[in-house]
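For reference, the structure discussed in these notes is given below.
Per-chain residue numbering starts at 1, and chain names A, B, C, D, E and F are given in the order in which the chains are listed.
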Amino acid sequence: MFKHTRKLQYNAKPDRPDPIMARRLQEALGGQWGETTGMMSYLSQGWSSTGDEKYKDLLLDTGTEEIGHVEMISTMIGYLLEGAPTTMTAEEMKKDPSKAALLSGMDPEHALVHGLTAGLNNPNGAAWNAGYVTSSGNLVADMRFNVVRESQARLQVSRLYDMTDDEGVRDMLKFLLARETQHQLQFMKAQEELEEKYGVIVPGNMGDIEHDEFTHVLMNFSDGEGSRAFEGQVAKDGKKFTYQENPEAMGGIPKTKPADPRLHNDQG
Amino acid sequence: MFKHTRKLQYNAKPDRPDPIMARRLQEALGGQWGETTGMMSYLSQGWSSTGDEKYKDLLLDTGTEEIGHVEMISTMIGYLLEGAPTTMTAEEMKKDPSKAALLSGMDPEHALVHGLTAGLNNPNGAAWNAGYVTSSGNLVADMRFNVVRESQARLQVSRLYDMTDDEGVRDMLKFLLARETQHQLQFMKAQEELEEKYGVIVPGNMGDIEHDEFTHVLMNFSDGEGSRAFEGQVAKDGKKFTYQENPEAMGGIPKTKPADPRLHNDQG
Amino acid sequence: MFKHTRKLQYNAKPDRPDPIMARRLQEALGGQWGETTGMMSYLSQGWSSTGDEKYKDLLLDTGTEEIGHVEMISTMIGYLLEGAPTTMTAEEMKKDPSKAALLSGMDPEHALVHGLTAGLNNPNGAAWNAGYVTSSGNLVADMRFNVVRESQARLQVSRLYDMTDDEGVRDMLKFLLARETQHQLQFMKAQEELEEKYGVIVPGNMGDIEHDEFTHVLMNFSDGEGSRAFEGQVAKDGKKFTYQENPEAMGGIPKTKPADPRLHNDQG
Amino acid sequence: MFKHTRKLQYNAKPDRPDPIMARRLQEALGGQWGETTGMMSYLSQGWSSTGDEKYKDLLLDTGTEEIGHVEMISTMIGYLLEGAPTTMTAEEMKKDPSKAALLSGMDPEHALVHGLTAGLNNPNGAAWNAGYVTSSGNLVADMRFNVVRESQARLQVSRLYDMTDDEGVRDMLKFLLARETQHQLQFMKAQEELEEKYGVIVPGNMGDIEHDEFTHVLMNFSDGEGSRAFEGQVAKDGKKFTYQENPEAMGGIPKTKPADPRLHNDQG
Amino acid sequence: MFKHTRKLQYNAKPDRPDPIMARRLQEALGGQWGETTGMMSYLSQGWSSTGDEKYKDLLLDTGTEEIGHVEMISTMIGYLLEGAPTTMTAEEMKKDPSKAALLSGMDPEHALVHGLTAGLNNPNGAAWNAGYVTSSGNLVADMRFNVVRESQARLQVSRLYDMTDDEGVRDMLKFLLARETQHQLQFMKAQEELEEKYGVIVPGNMGDIEHDEFTHVLMNFSDGEGSRAFEGQVAKDGKKFTYQENPEAMGGIPKTKPADPRLHNDQG
Amino acid sequence: MFKHTRKLQYNAKPDRPDPIMARRLQEALGGQWGETTGMMSYLSQGWSSTGDEKYKDLLLDTGTEEIGHVEMISTMIGYLLEGAPTTMTAEEMKKDPSKAALLSGMDPEHALVHGLTAGLNNPNGAAWNAGYVTSSGNLVADMRFNVVRESQARLQVSRLYDMTDDEGVRDMLKFLLARETQHQLQFMKAQEELEEKYGVIVPGNMGDIEHDEFTHVLMNFSDGEGSRAFEGQVAKDGKKFTYQENPEAMGGIPKTKPADPRLHNDQG
């Protein structure tokens, strides 16, 4: 069960409106790697967790924090859209081409659909969808995913930071950068502990069934020589990589049977 | 530029048809973490790469191999669908309820849309989409993503392995397990090298701008005590985690202005 | 069965082309609450209706009218795109920055994909999808949905009206505003009649099974005092709302069992 | 900012596992009208609200409660999936056809993708997406949407109730039914108050611009006589409906110009 | 503008209910190549048409007919769902495994979401979306698309026909087969006429700019010899195909520059 | 199995960067009819093919070539994005409105999400999805689809050609135009051969079951006279088209039964 306090976790107030920056921030709200993806992934993983209580708790702590980040960014977008232009005549566009460019660069749905407030989508208006979320039941795999989520998110926040000189926006982004540092570090720590227990290959308990001769071979399917650079190096499981210059096609030429005539597969 | 040989990289022939297993294998073909996601992510990252040739080559080698895996799984699905039932009368269902269950458990679009061949979707018929792909321009972040792709994929292949006793299907899955071991290891190796160069926090070159006081704090937003377990432990960047029992709401209560009346936001 | 007349239901001709307004009108054509959503929802509900003929007829009348609205807006978009610029050199952009802004603000797919005619998507190019449609089999619920459809649509049309001073476009929008007034009113009337028969709570015939102690309680999950303002007021079913300052967590702490090892859920 | 308590808002524990019921409950979790849609719509509307504090608070209270409902249903799905079958040989299917039917009726991704835990999608595996969410900036329109959300959701919960005889599942559903009664009532109350202030037609402040002759006419586009039944009745705004037997096509036949040859619209 | 008559264009009544056939028919309603795709494509093309009136009229005639086909199939699905089982206890499943298989093979959303009426989606529950529609502004290209639409649709209808022995369903399908024969033929006729005017290569008026040396070469990128079979044959434009055994890579090795450091593309 | 060479199939290097052209080229990469759609359709069809080896080979040859086209366009987009502006202050926008228009017209995700490299989406940022792909098992139907794919793609490339005067970009487009000429011609040739074998109506082997009286009738559902123009003309199967001025509604008025009360379909 959840409770809400009206105060934000951290400041989310720009120095001045900027509808183009509002559009860009939609990436952090409703993009593939935005806060909604973090929130729904960590909460789902937490609710599904059946093992050590500390991982479950770490996931629920972080997932709950992310709801507050979704709130902060939604709020910031609302401030940035204050007073945004929503229309110009052809005449006005000629007189003020930079304002025309501003209008052109905005998300038209910010005004039309949301009345100048945030939407749950990315800067190109693609609706957030749960195809971005991961919750696999396997904690090692999911902790790795979480590190990626925080890495991609922090990368985007760092790009957003360099796209504005508004000190209010930057203040919020500096906070988000810091939390995404913490979240990268904590999920790496959990990943490390779990790898010690289950091994570095996910999943850890498959037994001795895979075809061993293919587990450490760099296969050269391209004419570059780059992959060879890893030859002989020690992999994370302690064994050495080998290199295969000309990987052969080991399977036959497939030949499936024609389907039943009732499928009407007219095939030449 | 690419070339194709008709021989498969490895065997992809089941001992006997099994339309329900065909449906399940669609996850490995067109699911969120399936081979198509690997293929399109690694190729995109490789084509976008501007740095050290060896990483670019590693990505293109692996991406090219994955096209061949997409081919193998498509082929296998075709074999598994041979002779699948496509219809039964109510009468027949009563007489042969286990065959009825087989028909019910198949993907109806395998027959209806694809004439008993593979489709580019997951077992629930959701079309594969590029929202599953990642290519960020940042190699450290993307190598981490690639490790996750291989981890989630191997997890699913291991589950598929335990869902069949067909030795032909298992032979192919043992090969895929092995390659996904290799790919996990090689991308971890590349990740490791890149982290040494750029640091463990992505992105590596943000300078000293983030709010430092929040970079190593485990914040307790849940009533569990689990996150506390990491308190005092050393993070991957060498610093120690601290713990905050009652994280405060540091931002104010937001208060955006009503929008221009022309937005018609009738607000109470 | 349907018949078509080449004449439009009402005027759909602008005074002059305006490719940015064409882009905005895509919301009314292919957006979440646009005419296509109305058309497909009302027709689907009408075809599914099994009760009183008058509601079925009301739905089919309105659904059929909406096909004509889809036609009008498609036509209007075609007119607005006449002679739209499709390219400018860097040189030309410098000389005529307001035309450059116009080009930037257009939907590039209007030219590239549709040859300067309408597409079935919103202004951000998101394809219309049937996730916007509702047809539940329950007429009370669906009449309520229809009122919302007309409300959101009229809100967007009113915003579109204030985004242009083209009298031709405004003439069409004034007609649409009027029809959306009528449609709000007629669906409210039908809703009212149906609520009298089935009760104000949807669905109406669940018997006495719900947990009564939770049906009229405003629960305070936020630290605001706002919800309290409804305390003691009379709800539409004649009973009074009560208020709970500190809603308690009545369920236990969940504890599901670890999954079968064959799921490979490596959990810490 | 949000806080989480590990205890659930209400009981979410079935008497026994039932993987088919788990699949059905996905509708309430990740379907068009499920709890996630409620949660994200109410929170978004609350964060966007700029008017009377009590409506903002009502939205945030309810949105926060809904996060807890998402949690309850995710938990319930996890319990229902305990010990679910994940595979059967052809031999076993023949011997136990009812278990075969169970396996066929399950969502195969519950095992394959989520390790027998919940996913953020509907029973057919369609990923939840933000095209289901509404937050328009106009409170009257959005309160109406919220009533619909609770109506459709309660309808689905009532159907779910009749699809199981598990007393544990039913206990949770009885609670949800009750809360959806409360939420229907509270949003109707807010809607009523706002309509008193802004009028029953959304949006309320469009001035006197719409074409009045079309605001109260039932147009007969179908050959049924049903719509006529409303003729002469009083609409919610106090005026009477009229009826038009043969609505005429008032617009001309559209004739747009051929596009510039550079669009290559080879038109006959 | 459109008008509707309550009578269906043709019979759409099954001899008996069959919920699994209802699910399959969803392909013809809301699948990639179903009637909704035809309806929206032909209407859009018709409304966009600026050339010879006869093609515009052909498109609008056929598009209008398709609305009636959408209606017929929706109606048929409703009949097929009459009395469908919506739940069984574990006990009942054991006693009646063939009914259990029936329940497993149904679309669970038919009952849960639509109250046993049709939805606008395919048999796997994927919502119809406008990514299936084509309206390019170029009539030759679109007539070709229309022939494909009718070919894929007729193929699926022919498969549906062989999946049932219900004479009522078959009667409707025989009608649809016939209309799809007519529509294939009429669009081929229009295509033929247009190709005579604009040439067989779309688009027809590109001038003499393409690189001629690559317009009639079969390039062998695979190790099969199959493409060679077309060598020397006459193409539809009267010229002969040539064959290239080893197509060379004519472009260089690409080498884009590293992005500005503000993009934070940490590349090795 | 596939192999890759680092050299591109043809030149893909612009004379100068142009981020707006980069955005437009996304249509050819990740749009409905772009190269990815060709690649995945032809490969899928080839892998599914069970008939004459030459068609299978033609499909695999062309599908393999298309991977190289995806590579060329991705590369070109990368070059076009070199040095693109990613931010401007309000001050800078005023001073340089044409650069502001450039920034507004770019895809903001090119910088934010991909670090100024290509994404797998269309110019409006819609992720490529497999709903664009066709592989039906029926070769005649699919060859027709392939002709459409190449026609729509060549149409878009011809529009792209006229949208730039960059000789480097045009050089690549001239090559693509030529290959799309070849691919149209080769698939038409294969289609022609297959039609000779199976007949011009797809599918070819349905026997004599369709309702013959409806197979050659142009039905007039619109008030135009256009379709009449085809009356008496000879269709591709050698028979003549007839014309029906007033097609009648031959089916009855549908009347499905109310659903079981447990569906809670409150119908008036």
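Points worth noting:
One rule holds in what follows: a residue touches a chain if its C-beta (ideal position, glycine included) is under 8 Å from a C-beta of that chain, and two chains touch if they have at least 3 such contacts.
Here the structure is a predicted model, which is why all the values come from computation and not from measurement.
The chains that touch chain C as well as chain E are A, B, D, F. Relative to chain A, the most remote chain by averaged C-alpha coordinates is E. Residue-numbered contact pairs of B-E overlap by over half with those of B-D, the repeat interface among C-E, D-F or B-D.
Seen from the C-alpha centroid of chain B, the farthest chain centroid is that of C. Between chain A and chain C, the centres computed from C-alpha atoms are 29 Å apart. Centre-to-centre separation between chain A and chain B, using Cα means, comes to 12 Å. For chain E, the set of residues touching two or more other chains reads 1-9, 32, 47-48, 54-55, 60-61, 64-65, 68, 75, 78, 86, 97-98, 100-101, 104-105, 111, 113, 115-117, 121, 124-127, 129, 131, 136-138, 140-141, 155, 158-159, 162, 190, 202-203, 206, 221-222, 224, 249, 251, 254, 256-257, 259, 262-265. If touching chains are joined by edges, the resulting network of the protein chains shown connects every chain directly with every other. Against chain F, in their complex, chain B makes its touches with residues 1-9, 30, 40, 43-44, 47-48, 60-61, 63-65, 67-68, 70-71, 74-75, 78, 113-121, 127-131, 133, 135-138. Chain A meets chain E in the complex at residues 155, 158-159, 162, 262-264. Taken together, the chain F residues at the contact with chain E in this complex read 5-13, 32-33, 53-58, 60-62, 64-65, 68, 72, 75, 78-79, 82-83, 86, 111, 115-117, 126, 129, 131-132, 134, 136, 138, 140-141, 144-145, 147-148, 151-152, 154-155, 158, 161, 174-175, 177-179, 181-182, 184-186, 188-190, 192, 200-203, 206, 209-222, 224-227, 229-230, 233, 235-237, 241, 247, 249-254, 256-257, 259-260, 262-265.
On chain C, the positions that touch chain F within their shared complex are 1-6, 47-52, 54-55, 86-87, 89-90, 93-94, 97-98, 100-101, 103-105, 107-109, 111-113, 115, 121, 124-127, 137-141, 190, 193-194, 197-198, 202-206. Against chain F, in their complex, chain A makes its touches with residues 18, 20, 23-24, 27, 31-32, 97-98, 100-102, 104-105, 122-126, 156, 159-160, 162-165, 221-224, 249, 251, 254-259, 261, 263-268.
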